[in-house]
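In structure tokens below, several structures.
Look at the two complexes coming up: chain A is in both, with chain B in one and chain C in the other.
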Partner chain A sequence: MKIKPTLENYMFVLPAVLIFAVFYIIPFIWVFQLGLFQWDGISPTRVFVGLGNFKEILFQDKIWWQSMRQAGYITFIALTFQNALAFLLAWACAREIRLKNFYRLIFFIPPVLSEVVVGLVWQWILDGHYGLLNNWLAQLGFANLARNWLSNPETALTTVAIAHSWKGFGWGFLIFLAGLQTIPREYYEAARVDGANAWHCFKSITVPLMIPIAVLVGILTILGTMQAFVLIIAMTEGGPAYHTQVPVLRILASMRGSSRFGYACAQGITFGMILVIISFIQYRFSRQYRRI
Partner chain B sequence: MRCIFVVLNFIFIFSGCASKPTAVEAPPTITVWHWMTDREPAFQKLAKDYQAQSGIKVNFELYAPSDAYSQKIRVAAQGENLPDVFGILGETRDFAAFIKAGHILDLTPYMDAHSGAWRNSLFNKALAVNEFREANSYGVSAGVYGVPLDVTTIQMLYNKDLFIELGLDPEKPPLTFKEFLEIGKKIEQADMQGLVSGWGETWMIDCLVTNYAFNVMGEDKFLATIRGEVLYTDPDWVRVFTIFKEMQESGVLAGGIVTMINKVAEQLFANNKAVFAFNGSWCVNVYKGMNPNLNYAAMLPPKVADEYPIAIWGGAGSSFMVNARSKNKEQAVEFLKWLTAEKQQAYLAEATMNLPANKESLEKIPGILLQFGDDMDLVTHPNTWGVSEFPLVIEAIDRGIQSIIIGEKTPEELAREVQEIKERELAKKR
Partner chain C sequence: MKAEIYHRIKRTTLNLLIHLFLIIVALTCIFPLLWMVSSSLKTQETVFKDMSLIPEEFHFENYCLAWQEGGFGRYFLNSIFYTVCVVLGIVLVSSLAAYAFSRLRFLGKNLLFFMFIAAMMIPIPGSFVPLYVLLNKLHLRDTALGYILCMINVGLATSIFMLKTFFDKLPQDLEDAAKIDGCSKLGIWWHVALPLARPVLAVVVIFNALIVWNEYVLALVIFDSKALMPLQVALMSFRGEFITRYPLLMAGLTITALPIIILYILMEKYINKGVTEGVLVG
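Then we have the complex of A and B:
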């Protein structure tokens, strides 16, 4: 008698499970399986190398780990600079200011632009000889600061990170804005009656209530930024040398540049697992924070 | 009623098995997948001409950019859905993998038919890019597996107007590396931009490294290095890497060249903002579109040593292959023969400003393009070497040259690093 309702329940989730299996689980298993082979992506035969590809990634491929560190740095800039900017702008737009709808539109333009176009525009702005930035610096009397921003190893990664933050802050802005609008006005009115000023309201009402939103934006920022590559290709092609290489570029280099499909699959799995671990840690951390 | 239904069903089923009424078979349609955006209008026109002549429809399908095209071809190969005619944008090992997987038709019998008429009409160097010789290291049976559509050479270019501004003779480009570096000093003093090229995309660095490796050590030693018989720490290789350091120190390289994409390099040169460019013969068409009044000429990379000639990368610019599994392969071969005949090649050269693969069409091309065609004897290409370097070694050299230019590594350090990678790859192969 109990079997029927249980079966019925399973039937309801079956379509979702099937879709998830077909589009996520089976490809994941397949990619993992390909990661165990040496294969050029064309030949009908593959050479089984066991965990050799994974071993090479973990213990020999210095460039892979350099690219991971660099992606981590870009993510750090995105988590701090990009999200702080997004939050501040959202906070400003959530208040009763003139032209706030216009600003909302403007701030959401960068995320909808093509990454290639954004990359090329930034490259043009940052060009060492004819770029706008160096031109402005010279006009403002800071000509000594002018440089080839993208081909200088000291500035290339930070420059790319800033361009990425500019491109991506609109998403955070939108989510923060939606979060800010859900805070009941009554809280602020009650606080003001009790004598709180704007800073007290911000510190004691806005910030605590926005923490879950900030966690969500943080997770999305980490996942999005760690996987960034189109903007980087358009701006630096991963150079100079390996200074702006990120993991997805390394996967592409293995797949297209070196025809090492098996190795690229192993890199993809390794990278995916690293992202899962980071997300899991962040999730645990946010749960603890919410309890506090 | 039920009985009638069953009988009718039988009639329908078996009528499907009956032989079709004899009808005149429609001529096949040849499908060509290509990536050449600039050549699309010319291809469409030629397809119409061919249909008018032969009655066979040719369907040119454009898939751009080239990266996406490359990916599409790979996926189609895995699913055995390749079109009748296609191109391979990759290195020799990719080409070999396609052949070994049975995707590409061996065109040798067609090339050699009628006393080799088709073969003889094409530039040898262009054909060589599509040819595998006996006992090649890829394990491919000897033969011709592709038809060159046009010819590309990658050379240096100089801006004649900027030469005059620098007080140089616009008809006398530098012949030696010393002269080249001297001009670098003048460029720096005049606050101009020197050599521009798409070195951010790295493969063009590989071209120039090869040019100078041939010049410094000769072809035999270069190929011996690829075979693992000569070390990258050899003084000749260190000399090759040092060339890039000297170029940087002399001021002959444009600022930001290490992350420059070729499109930007082309814009700078076309707009009279760079004295030199390192680019392929396709640039004639590009510069014409950007600045029809650009006053420039082609030159060979200045020689570093006298013992061996300098080589330039070149050969087939774009090639088409015939799908070995296609049921229209005979028609596809016929179409490619027609496409590479003198008249069609002359039209393509005129319409797209590319060097034709057919020797007889060369007389009808514009002057500047002819300068690129003049040096076909010096052309070399990885496809013709019979051996290929490990991709990781090539990447290490290209990225390492970038490191030398930004002052991060010395030529000796790069040589050691490349040799380490080479040894690791050789060990894996063993």
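Then we have the complex of A and C:
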């Protein structure tokens, strides 16, 4: 008599568990399995190479490590420039200000657009010959500053990083704004009574109370930016000459470009491990701050 | 008196500077989109020369050309179809599971729920590689069904988590009343729990719709036939084929971006709520 209701309860979770098992758990296991083989994705035979793929990634694949450094560079720009901008805008909007809702509406438009759309529009604006930016620079008398932003190895990576920041700062802005609005106004009023000026208030109330939120935004920024790649496909396709390659683009290239499925999986595992280590370090770091 | 005037001037200037800063950033956010629309209304000749934001003539026929000749009409319908199917699937599957995780009792409940949460935390970069292999084996590669199932899985864990958190906070009185009236568990889920969950369901629907509409890489890997491609993949392949037909490309981009912008402006409240609450939970 008791079996029937329990079975009924299982029916509720069955669809979710089935989809999850087939499309998450099986691929998850396969990544680790395939990483040990050399396989072109089609042929019925796979060659077992043990940890050979990982050895190649760690010791021979220079472009892989270059792509890792470049993703690190983009992440660095996102952490500093993008998040500083997000915080400043949130701070400006958190006070009693007119048009607050309008600004909030506008700043989150870039994040809802697809990376393909954003990348292609920016690529058109930054075009070396017919782009709007170079045209403006010429008209303002800075023609010597105009260049092929996306096909010049010196500027390509930074340009991509700034476009990424343009697309992403709205997230940090919304989170910082929500955080700033949880700070009770009485704190500031009490400080005013004690004779503190605006700078003192900012330094001694706003900053310490916002540190946990800043750490959170930092974690989200790092994990998000390290894995970003569609914007880069749309803007430069990883060029000129690997100068804007990032790890996920290398995985895609291993799979589709050179048909090395095993190697692509090994790259995925390596990169996933690095991300897990980074978030673990940050987790410890953020706990330390919470204790203070 | 004097000190007060000084104070007021100082405050007004500060306010002006703040507004100036905010307006400049807001303009930077919108301008690329205006330029996209502007370029989509120029001709193949003027698009490279005419650098004014408002073109001399409006060539709306670019949109017809993109829609028919560029095939964006087809791709647009594909994108709509995938988005609707995936979002419906996620709402049904995740609300059933979330309701069970919150209200019903069965062996292994906590373990299963923990599994979904763990999946939310662990990143698998390049998960498109094993998914491609899997769909190949199931003979679902290059099919709409294969893509839809993969995308349902993408949104599943987060949606279950959000809905379960909501159900946990919901008082049980109404459900008890329904039970006394002889309603089955499935009936309670459909008639009581789902209608009550409308505010969270709105957040689930919007976020998943954004994710599906904007998804690129899985669709790129899975679809070979042009007839099945969603907009994002079609845009990239259009760029590859007709590298210099900028007005048509920009029309295609506008067709892709506009529904999302409209949806966002209509549903801004829920998106805002989703971002801030989602983060405060995590």
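Quick note on the criterion: the second predicted complex is superposed on the first by the 264 of 292 C-alpha atoms of A that agree within 3 Å, B and C clash if a C-alpha of one lies under 4 Å from a C-alpha of the other, contacts with A are read in each partner's own complex, and residues count from 1 in each chain.
Just so it is clear, a contact is a pair of C-beta atoms (placed from the backbone, for glycine too) under 8 Å apart; a residue touches a chain by one contact, two chains touch by 3 or more.
Since we're looking at a predicted model, the values are computed, not measured.
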item	value
When chain B and chain C are modelled together on chain A, clash or fit	clash
Contacts of A:Phe28 with chain B and chain C, given as first, second, both or neither	second
Contacts of A:Leu150 with chain B and chain C, given as first, second, both or neither	first
Chain A residues touched by each partner, larger count belonging to chain B or chain C	C
Touching partner for A:Ile183 - first (chain B), second (chain C), both, neither	neither
Touching partner for A:Tyr130 - first (chain B), second (chain C), both, neither	both
Partner chain in contact with A:Arg256 - chain B first, chain C second, else both or neither	both
Which of chain B and chain C A:Ala196 touches, first, second, both or neither	neither
Touching partner for A:Pro247 - first (chain B), second (chain C), both, neither	second
Chain B versus chain C as contact partner of A:Gly41, first or second or both or neither	both
First, second, both or neither for A:Pro110, with chain B first and chain C second	second
Stretch of chain C penetrating chain B in the combined three-chain arrangement, among 112-120, 220-228 or 256-264	220-228
Shared contact residues on chain A - chain B and chain C	41, 130, 256
Interface residues, chain A side, partner chain B - complex	40-44, 60, 123, 127-130, 148, 150-153, 156, 235-237, 239-242, 253, 256-260
Touching residues on chain A, where the partner in the complex is chain C	6, 8-10, 12-13, 15-17, 19-20, 22-24, 26-28, 30-31, 34, 41, 85, 88-89, 92-93, 97-99, 102-110, 112-118, 120-122, 124-125, 130, 132, 135, 166, 171, 174-175, 178, 216, 220, 223, 227, 229-230, 233-234, 247-248, 251-252, 255-256, 261, 264-265, 267-268, 271-272, 275-276
Of all residues in chain B, those that touch chain A in their complex	67, 70-71, 74, 77-78, 90-91, 93-94, 97-98, 100-101, 103, 193, 200-202, 254-261, 264, 273, 391-392, 395, 399-400, 402-403, 405-406, 408, 424
Chain A-touching residues of chain C, taken from the complex the two chains share	15, 18-19, 21-22, 25-26, 28-30, 32-33, 35-36, 39, 47-48, 51, 92-94, 96-97, 99-101, 104-107, 112, 115-116, 119, 122-134, 136, 149-150, 152-153, 156-157, 160, 185, 189, 210, 213-214, 216-217, 221, 232, 235-236, 239, 246, 249-250, 253, 256-257, 260-261, 264-265, 268, 271-272, 275-276, 279-280, 282
